[in-house]
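One chain, chain A, appears in both complexes that follow, with chain B as partner in the first and chain C in the second.
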Partner chain A sequence: MTWMRSWEGFLFLVLVLIYALNAWTSPVFLTVGNQINMVQLSVEKIIVALVMTFVIINGEIDLSVASVMGLAACAFGWMVQAGVPGGWAIVIALGIGLACGAFNALFIVGFGIPSLVVTLATMIAFRGFARVLVEDRGISGFPDWFNALGQRGLVGPVPLAIIMFAVLAVLAFLILQRTAFGRKVYFIGANRAVAEYSGLDVRSVKIRIFIASGTVSALAGIMFAARVGAIRGDIAQGFELDIITMVLLGGVSIFGGAGTMSGTILAILIVLALRNGMALQNITGHIQTGVLGVLLILSVMVPIIRETGSRLLARVR
Partner chain B sequence: MKHLKVSTLALCALLAAHGAHAQAVTADKGGKVNMVLLPKFLGILPFDQANRGAEEAHAELGNTGTLLYTGPTPENSVAGQIEILTTAGSQGQDVVMLSNNAGDQIAPAAEAAQAAGTKVVTWDSPIPSGKGESLFVAQVDFGSIGVVMADMAHSIMGGEGEFAVLSATPDAANQNAWIAAMQEALKDPKYANMKLVDIVYGDDQSEVSYNRALALVDSHPNLKLIMSPTTVGIQASAKAMQDEGLCDRVKVSGLGLPAEMVSYTLNGCAPEFALWSFVDLGYLTYYTSYMLATGKIKGEVGETFTAGRMGDYTIEEDPGRPGAKRILMGPFTVYTKDNVEAEAK
Partner chain C sequence: MRVSLSTLRILVLLGVFIATVLFFASQIDGYMNARLFNRISGSVAVIALIAVGQAFVVLTRNIDLSIGSVVGCTAYFTGGILMAWPDLPPVLVPVLAMAIGAAFGAFNGFLVARFRLPSIIVTLATLAIFRSILVQSSDGSSITTDRLPAWLTEFATMNAFTVGDLQVRWIVVISLLVVLTAHVFLTRFRAGRTFYAIGSNPDAAAFAGLNAARTIFLAFVISGALAGLAGFLFLSRFGNITVVAGLGLELKSVGAVVVGGVNIFGGSGNVLGVLIGAALIDLIDTSLVRWALVSEFWREAVLGLLILLAVAADTVLMRRLLRRKGGAA
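And then the complex of A and B:
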């Protein structure tokens, strides 16, 4: 029963509780259609949360993800409008995401500037490029196949985006928890200096993580464009905070070195189920935001309380 | 008191359509229709007023179903509206009454809701492409708003000088249609000495609009007027001009709520502005949606129905959006220091 005492075990119990509560209060909650909607409405965020887990465990942060999503989506829309075939527009937009990630990595790894500062700057800059690109317009009229991929079921009622999330979640889990690369991510995040003295290729690991972050964010941005069938300059704005919230709730330490992919995935499901359950109970956006805030505070508090508690217990003994 | 009626043309069309149909259909009271009133976001007065109108109609019609007033937070407006509309479809709501803030991004969700049996009636701001939308309840003829704004600008600026527009979000369909209509109206030789120098966006958030208004003054030293066709923008602009002591140089006008604008009108920062009744808009939207959901109207062009205390309305083609259908409310009022106090109470 040790897993029960782990953070993941706790999250799992919370998830089961929320599912039970939702199912009890709304007959709609457990229907296939609603479960698909629930995931699809946030699928872009949760895909980026997977890669954000690597970033934070590695002791870094990437605040520019939502701006990269916006830039890739706007670049895609702009290219389609300019007559570039949809397939090429996707490839180029992904390339832009990769370049954004490489640009972040250049300053963080190359010049040694803290990622908080670099990605705060590029968060603003990439969003600016997106707005310059589409100016103050909305662009729609994407190819039918593109919209269909974002809006219709691919396998039965399950759309491509959810399948992609599932595949990426498994991949992310395997890479983080089962490969040498994953172990390096933890080791560097726990103590960068020791990792460097041990001869680990710290720089190459960080570069790869930021490039992955940029590319996956671009993918998520394109998926968002397909789901809503239109873009504008403010697309995905503010998503970075939701994404980081999910990762921290999953038990990933903001100081790096600790956390698991299964924690992130459980936290994602908790946030989605909680939001959906509240929406089905007609609870408004302000209260939803508040509840998620409280949840995040608790998730930070619980480990501290537990630690203090056990220390006190030890002293009593 | 200066009242501006719907453009004569629209009125003629209304009367002609009325004549062709002998009888306006009336609503059956006591039906069971579950309805959702979905504003752009919560927390601004005009949407609360629209809800008051909807509640009035809800009680009047004795609807045994529910009327839910829910919306996203301002920062999450687009994703939030899509989420609420999607959830309404899952819940099996009968109608969602939407003031769209998501441009065409909401069209797939609206189409999905329609497929699930939930009708989508827009009000205040439509879906630009008309996709997924059953009907649009327009507050006033979009063309006539353009003329009224041009006229207010003309009167405040004395017919000459530079002015700028402070709008809401870049692709709010209503805002863009009104600005376009004003630009069209400005082509008249009467306005030849007036120059529209800039259009900026305050995202319908007070803080952003306030800063954009001040930035306008900085970047255009000869600016004489800020025209803001949004209740949030006009109030924020007026406050910005007042706070910085700029009211003598730069005036503010546009579409505003008397209750929010009264002090700025009396102190001369915003000598003239216009608006229609949001309470009536909510009331008419509710009637339209209720009758659509109960099958009394089908949502076809030419159908005429009675919307309680507001009288008869006819569904017509939307001149601004090919293929889309609208119901035109009208008229609206221009407020000055002579009539604003009475309305603000």
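And then the complex of A and C:
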């Protein structure tokens, strides 16, 4: 029963608790429709949280993800409106996300500027490019097959979004916990200097992670466009808060080197269930965001809470 | 003649500022007039206050992303108090606003200094929390000009003195006084130098017996108090306060601080530079709206790239300087 004492075990108990509470207060919560809805409505955030786990374990941060989502979605909408076929528009929008990631990596790895500063600046800049593209218009009228992918079930009632999340979650888990690349991500995050002296290709690992972050964010932005069926300049604004909260709540250390993919996935489910529960109680989005903020502070305090807890336990024994 | 690095930096910034003015003057007809000065000086007054507060925080190797929400909250709460007690003596109102702002700052400072939590995460969270406090307490209703005492809205356009057509408003004078006070405090007082010491080498500062936690806490309180004062000016200038008041100001303030030459890794920088940084950012912001060649929607993109450029140039230059120093020794 050692897993019960781990952070993941604790998260699992919290998740069960929230599910029980939600099911008790609302009869709708446990229905298949609501459960699918719950994941589908946030799928953009949670697939980015998977990559963000790599970024933060590696000792970096990417604040620009929500802006890349917005830029990719706006670029997609702009291209569709300009007459570019939907398939090509998706490919080019993904390419833009990749380029954004590479741009971040250029400044972070190339010039050695902390990712915090670089991605804070590109968070503003990428959002700015999105606004330049669509100004204050809204764009809709995407191809029917595109909207259907985002809104309707693909296999029975299960939409593409959930299948994609499941596939990406398994992939992310395997890469982080079962490959040499995953071990490097941890090692570099735990002690970059030692990793460099051991001859690890620190730069190439970081470049790959930031490019992945940009590309997946773009994918998430396109999925958002498909789900809503329309885009605007402020699409996905502020999502970085949810995404970083999910990862840190999952037990990933903000200083790098520690955390697990299963922790992130459990935290994702907790945040989803919490938001869904609040929405079912008619609590507005702004207040939900405030609650998320409190949760974020609590989750960075996790190491402190754990330490105090174990000290108290030791005293009892 | 030898010029110190920080003086040089301010001279370069001034040069860039003048070049920007000349550039827009050549692009926009009737650009150089008194109206432009009056408008820009008014909004710089607000942003400079926030940016100076941000500079205190950044000097200690931290960042305060919550101040946009603090400005919104103080503007709203101060407006609410004035609607309830319109006879409050005017002198008391900015003091009250600063106290409200300082309370928000103290919350940030407590979490960062006491528990050593990363400020970027704490203030990203409080950015959302403070905003939701504002939404919750306003319940969707807003403060409107006609329900505020008349002196408040008149105060924003009251002139301290005029030079020809140029009107220098009281809010500009107040803001400049704050900048100068902060400058003298940071450069001439032991307590001010502590902010630099903590930021440039925390270990050395600890060995020297400086109290890092107290200084960092103080930095956040100052940042909150100045954001509160900015909230008061914001209320006075606009009168109408909705739940989105002050949204995005945190990014502008970080921009002003970084462009103004404060090292984002703490420990070095000059408040006068921050003032010029704030003026430069606001100048570009205001001028892009009037520049026919480029859509005003470029504002954010330009701000982001400007911050990136400033940080990159700073990092590369500093590294080169350090290498040269190392080579000479």
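One rule holds in what follows: the second predicted complex is superposed on the first by the 301 of 317 C-alpha atoms of A that agree within 3 Å, B and C clash if a C-alpha of one lies under 4 Å from a C-alpha of the other, contacts with A are read in each partner's own complex, and residues count from 1 in each chain.
We adopt the following convention: a contact is a pair of C-beta atoms (placed from the backbone, for glycine too) under 8 Å apart; a residue touches a chain by one contact, two chains touch by 3 or more.
Source: prediction; values computed, not measured.
Participant: Sticking to the clash and touch definitions up top, decide whether chain B and chain C on chain A clash or fit.
Facilitator: clash
Participant: Touching A:Leu312 in the superposition: chain B (first), chain C (second), both, neither?
Facilitator: The answer is neither, since A:Leu312 touches no partner chain.
Participant: Is the number of chain A residues in contact higher for chain B or for chain C?
Facilitator: C
Participant: With both complexes overlaid on chain A, does A:Arg127 touch chain B (first), chain C (second), both or neither?
Facilitator: second
Participant: When the two structures are overlaid on chain A, which partner does A:Ala230 contact: first (chain B), second (chain C), both, or neither?
Facilitator: first
Participant: With the two complexes superposed on chain A, say which partner A:Val91 touches: chain B (first), chain C (second), both, or neither.
Facilitator: In the superposed model, A:Val91 contacts neither chain B nor chain C.
Participant: Mind working out whether A:Asn276 is in touch with chain B, chain C, both or neither, as first, second, both or neither?
Facilitator: In the superposition, A:Asn276 contacts chain B only.
Participant: Based on the superposed arrangement, let me know which partner A:Ile163 touches: chain B (first), chain C (second), both, or neither?
Facilitator: So A:Ile163 meets neither chain B nor chain C here.
Participant: Applying the document's definition of touch, where does A:Val16 land relative to chain B and chain C: first, second, both, or neither?
Facilitator: neither
Participant: Quick one: classify A:Gly33 as touching chain B (first), chain C (second), both or neither.
Facilitator: Touch partner of A:Gly33: chain B, not chain C.
Participant: Have a look at where A:Thr289 lands relative to chain B and chain C in the superposition and call it first, second, both or neither.
Facilitator: A:Thr289: touches chain B and chain C.
Participant: Based on the superposition described at the top, state which of 93-101, 165-173, 237-245 or 291-299 belonging to chain B clashes with chain C.
Facilitator: The superposed arrangement places chain B into chain C at 237-245.
Participant: What residues on chain A does chain C touch that chain B touches too?
Facilitator: The overlap between the chain B and chain C interfaces on chain A comprises residues 135-136, 233, 238, 284, 286, 289.
Participant: Would you tell me which residues of chain B are touching chain A in their complex?
Facilitator: 41-43, 68, 70-73, 75-76, 78-80, 82-84, 86-87, 90-92, 102-109, 112, 116, 128-129, 169-171, 199, 201, 203
Participant: Touching residues of chain A toward chain B in the complex: what are they?
Facilitator: By the definition above, chain A touches chain B via 26, 28, 31, 33-34, 37, 41, 135-138, 140, 147, 150-151, 227-235, 238, 275-276, 279-280, 282, 284-286, 289.
Participant: Can you list the residues on chain A that touch chain C in the complex?
Facilitator: 61, 107, 111-114, 116-118, 120-129, 131-132, 135-136, 233, 238, 240-241, 244-245, 248, 254, 284, 286-287, 289-294, 296-297, 300-301, 304
Participant: If you look only at chain C, which of its residues touch chain A in the complex?
Facilitator: 63, 111, 115, 117-118, 120-122, 124-129, 131-133, 135-136, 243, 251, 254-255, 258, 264-265, 295, 297-305, 307-308, 311-312, 315-316
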